[in-house]
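Quick heads-up: structures coming right below.
Two complexes come next, and they have one chain in common, chain A, joined by chain B in the first and chain C in the second.
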Partner chain A sequence: DHNLPEVKEYLYKILVIGDLGTGKTSIIKRYVHNIFSMHYKSTIGVDFALKVLQWSPDTVVRLQLWDIAGQERFGNMTKVYYKEALGALVVYDVTRSSTFDGVTKWKNDLDQKVSLPEAWGGGSIPVVLMGNKDGCSNKSESEMIKYCEENGFVRWFETSAKENHNVDEAARYLVSKILEIEQRNQGRPRQNQNGVIHIDEDQQYTPNSCC
Partner chain B sequence: MTDVNPAVSSTSKKVFWRRHTSSLPGGAKPVDSKTGATKIVIGAQYSYGETLNVVGSSSNHSSSSFETFENFEIDQSAQQAQLQSGTMEKLKGGVKPEIAELVQDPINSIKFIKFLRPKKTHLSETELTNYNTRLLRFNKFKDVLQSSNVDLAALRKLSWSGIPDELRPMAWQFLLGYLPCNSDRQVATLARKRKEYEDSVSQAYAKGVAGLDQAIWHQIHIDVPRTNPGTPLYQYETTQQCLERILYVWSIRHPASGYVQGINDLVTPFFQVFLAAYIDEDPEYYDPGNLPNEVLSVIEADSFWSLSKLLDGIQDNYTFAQPGIQRQIGKLKELINRIDSKLAAHLQAEGVEFIQFAFRWMNCLLMRELSLKNTIRMWDTYLAEGPDGFSEFHLYVCAAFLVKWSDKLRSMDFQEIMMFLQSLPTSHWDEKDIELLVSEAYMWKSLFHNAPNHLSRT
Partner chain C sequence: MDSRHEQIRKAINEADLKMLKKIATTGPGLINSDFRRECWPLLLHCTFDDEKRTKGRAEDISLKDRHQVEADINRSFVHFPKGISSIEKTEKIKQLQEVIITVLKRHPDISYYQGFHDVCSFLLLILGEETAINVAEQIVMGPLRDAARESLEPFMRNLTLVGELVKKEDAQLYNFLVSSEVFPEPISCISWLMTWCSHNVYDLDKLARIFDYMIASNAQSTCAYFTAAVILSRKSELLAINDDDCSLLHVHLGKFPQDANIDYLIEKAVSLQSRYSPEDKLNKLFSLLLVPKNFWHSQIEEIREKVSGAVKTLGWFLFGLQIAIKQALDAFDGRSLPITYDQETEHLVWAFLTERKVLRKLFVKKYNDHRIANDTRELAEEYEDLIQKLLDIATESDRQNKHSASKSEQLTENLKTRRTIAGIVSGAAIVAAPLTSGASLIAAALASTVAVHANEKIKAEAKKTEIVVNTKSKLIEKISNISENVKQFEIVWRGLADEAVLQKENTADDPIINKDDLKLKWEEMYEMFKSYANNAQRRLDDASVIWIESGAASAGKSIGELSLIIFSLELILSDFRYYVTLLSRSYMYLN
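After this line comes the complex of A and B, so read on.
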């Protein structure tokens, strides 16, 4: 058969940001290597990881994950690290409310320093909010949905890198959003739209019910 | 349950007895130290008859407790009775018998240091040569350190090529300017500085953890358990509590920078090196909970002051916007342009920016790239370089370090370079690799330092 479908490859730079000690590195290690440890060294500057997704039979997505140090002192470096990012995961620790306060700060920092390419119409990059660690969020799901709408997050996930809960799902959701934007703006419809849309919708959204 | 694990305690006893077999003169005896801080044991001066004469070199120090020991001749059974009568409870595994003296007057305690001949009976010619070389070096250091007025220039010159493990704690404290060169002032200065630190801790912790600045304390509290996570020493609660106090007190005393991540790494070489002075075991595997409290607080205080001295020299690495690091990264880039233009061009073509990898190199002084043991050896040279060691000389070390991987890096694309630079293959590195690195750095520094025109491209 000479009519093999053309495989499309996408390269996306994704930022992983949030306050110090919220589990950004743990999320990436879980997502990329499927491992977990209680004690990764603190990230200084930026760490880099790569994840390749066979998104659909004809679509491969390569994710460059930029794990960015969370301490405020490093904050003036973020502009350099954000350059050309197409999406972000903002992480907070559900057991430490101060890290949720940091979420707005990180989102504002993103909106000020990075935007989508002009070819895609510019504007904010899609951002997924992750409430990480095992523990109980004191926020209800409806509260969080409202929060995301008001603050420009595409969606909220309660995740646990330790229990391997919702990490793949959150990342996958973010990628689906970026792909969607790319398609929309490049005006070249995917040959097999099912690949994108259905995976997204099939993903069982599991609100945390530990409380 | 505070009982000592019987298995552990019997092992440590066995080890202890083996060290004190009949061929060894001297022993241990509880002594009230003059400071009143330590009521432990002071050991005897060991002289190994079958090894080369090491111990009995001249000392300008006089110490009443030492004189006690010179006359302290007891037979084996008396010694054993002494040790069994209660001293051992205080001297848990691995603690050196002469600890009281070590704590109070480290320089005068150099005489206690046992420079051991390799355990084998027959040494090959190479082994014998190595041993004699080390011994010669050891004695050179000893002469400098025990002088009534330590010649810092001479100490620097010697230390540049590495300090013998046994003498590193004292040598570092001189090089840092913590221990006064004048021997008359050493004991009093140490006592005063240690008290000052203890007072700072008491003051800060007067209302317990709840009374601390929560924002600062929290960051430290999160980072301490993930400091050197692969090394047992840093997993012990005692260690973690020490580090937490050191970092907290340092942070509140330096509000312009406060606690910055990475400083937790920088304190560990001091803690480990100073701990090693008091024990006969590998510090990386040692539980400092075994130490008498007085000893632990001295290690903690000395580590605090040493960290303070180190950070004094690189303070603008950690203040707002970290200008010191920014400047260093800029200089590193210029240096690489000059010494390895092909690499510089390749990095640029691939879109790799120096800040993406070198930020960590500057912020943690390459401690994330090298093992603790290698870092400690490298700091011998940094400290010997003088006040600029951790800033200027470090810059040249970073340059030498980067061009070491030039061939590999030039065959890689952006992603490969980024991945490679964050997990460099240095786990097998030993002293020789560090010595080569600092020699190369020295060469680059001689070529380019104070010759800014060499740096800019014409």
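After this line comes the complex of A and C, so read on.
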């Protein structure tokens, strides 16, 4: 069918990390299913979620979200977590300053354990910083912009999974960054991506995302 | 009344753990919470001691753990119990905190892990606070110990085991899961393993069935067998997921099938265990040594009545050696020898006593019956390394043997006031010591035979696989561990002997031994024994991985078998030694 555009489909693995109880699971549930509850259990090890985005008429992005338990021991558990991730959301709780202290630790961990594919020239993966919950941040916007620059975050968002504030925007920004990198490296497939990139030439993709 | 009810009641009354284990791992298990409240503590050897009853307070644990525990318990009781009111929930959360903190306070070396709260909240609902504390304590100090270490590294091998088991059973499913990047480390299942599915199964009755099985088998790897059984049972469902959607597989695999038939899955897991677990091979033996509490006592009485000192000593020796030989033969060719004082065994024993070469010849013959076709030059060289290690162990063991024997004599000397029995006990200890070196010599003999054989095959085409190399290096690591363990036993043993001397001196003027003191020592001893058992468990798990891997290359298989023999012997001997020590202690105490 010549009328249909060639649909490009990308699969990106995104890590969602941060100290315990900062709302990683809530953010993912809000983003993927557009629901919120006060009653999520602690995550043990890792949970997974999948979100499909019709990014543009000819681009579909599938996000594999890795919800990693906040307890340090799980972060250190295995390199499998970090393997081939292309982006990350680092979450802290604006009402608990200790969780902001954790942000640097998580970022360092990322920088040590994961980088962009060699075929793309390596380098850090894009990381978005999320100040979650509906409290008041004690940090000013300009302070945060400076912090992001100094610590290699692509951007900072103040979010609330409960109020559905900025969650979509933050994720969207991260995806746009990854797509930028992808497009800069057009034609250079990531290595060892056994079955991960699919270019669907004959079928129009119907997104099954709920939002 | 249901006959199963009667069976359970009878087993509880008679403290028949063997029967309880059987009931717990078959059919509908232990049926209801009333029975479970009685059976689980029994199966886990819980001790109820008033002095231990004080509960922990939040201040008793580190700030970091306290925050973690608080964050986790506030997110508990989500899926069960159904329809709980918020007042009830607050009350339950308070109790849950007490359970966790009391356990952590009693065992400061435990690192709290996310997921332990799931185990505790389930136990709390079924057992009530007091019993939940005791049961949770035994579980986290026993089968789930590795989950609560500073690093999760040791626990991760359970994930590998899950993969290996699926590979053994169903290559198609395994390959599919590898190509989907779910295997070899199915991390989506880590919460199953760390919480015995209490994080994942939302039906209390089903969960209780799973716990029946886990508690009855009381081994770290059991949940890996269960997890493998679940994955295997979902084959068609998993294969039906579109290849292109491999990203969904992680999601899918991590979700426990809530409508699963748990009885069937347990049956399947037990069958996997019986086929692939080296533990099972040893279980019969352990049950001989571990279960009957009164056995040793009645043995003492019987022996005292019947025979003179020399014969008594020999009796102990024969018994221990017989077990060792039986196990070695079992591990070697799967042939089962009954444990009785029969002619054949006696011949073996005397052959061993009089001329070790005879025994060696026997093993050479056994090995030749068992010869393997594809030995290679590289392997021969590797075996030579191995032999060197084994010989080192044998030498070291000989040295320790002498030391141990002299310590034992010292012990005898210092227990003269209890002459009759102490004579028997230390005599037994003295003969137990040479067993260690004997075992190492057997192993060395075996290894050298393997090497001789391998050298004969030097001209055969060299085909070295990576698996063989891995297996070899793992084995060498294990062997150095063994040697390390032998050293530790020696230290323990020496400590005990010294202690006995000390006690004798302390109580020289007082005919009544300080019983409180002894009781304390007894408890220490018990703790030590438990931690030893945990070590042994881990080594067995290692052996299990090696054993499975060894299927990959026939040469690797022979290494695996060899290592099993060494493990078996080592375990038997150390158990035997411990029992001798326990015996001498208990006798002192009883008097």
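Remarks
Assume the second predicted complex is superposed on the first by the 183 of 211 C-alpha atoms of A that agree within 3 Å, B and C clash if a C-alpha of one lies under 4 Å from a C-alpha of the other, contacts with A are read in each partner's own complex, and residues count from 1 in each chain.
By definition in this document, contacts are C-beta pairs under 8 Å (C-beta built on N, C-alpha and C of every residue); 3 or more make two chains touch, one makes a residue touch a chain.
Predicted model, so just to flag it, every value in this text is computed and none were measured.
With chain A as the common reference, the superposed partners chain B and chain C clash. Residue contacts after overlaying the shared chain place A:Val32 against neither chain B nor chain C.
In the superposition on chain A, A:Val46 contacts both chain B and chain C.
Legend: residue contacts after superposition of the two complexes on their common chain; A:Val60 is shown touching neither chain B nor chain C.
In the superposition on chain A, contact of A:Cys148 is made with neither chain B nor chain C. Comparing which residues of chain A touch chain B with which touch chain C, the overlap comprises 20-21, 39-42, 44-50, 64, 69, 71, 73-74, 76-77, 80-81. Touching chain B in their complex are the following residues of chain A: 20-21, 37-42, 44-50, 64, 69, 71, 73-74, 76-77, 80-81, 98.
By the touch criterion stated above, chain A contacts chain C in their complex at residues 11, 20-21, 39-50, 62, 64, 69-71, 73-74, 76-78, 80-81, 194-196, 198. Within the complex formed with chain A, the chain C residues making contact are 67-68, 71-72, 75-76, 78-79, 111, 113-115, 117-118, 150-152, 156, 179, 181, 185, 187-188, 190-191, 194-195, 199, 243-244, 246-248, 250-251, 254. Listing the residues of chain B that touch chain A in their complex gives 218-219, 222-223, 225-227, 229, 257-258, 260-262, 264, 318, 320-322, 353, 355-357, 359-360, 363-364, 368, 415, 418-419, 422.
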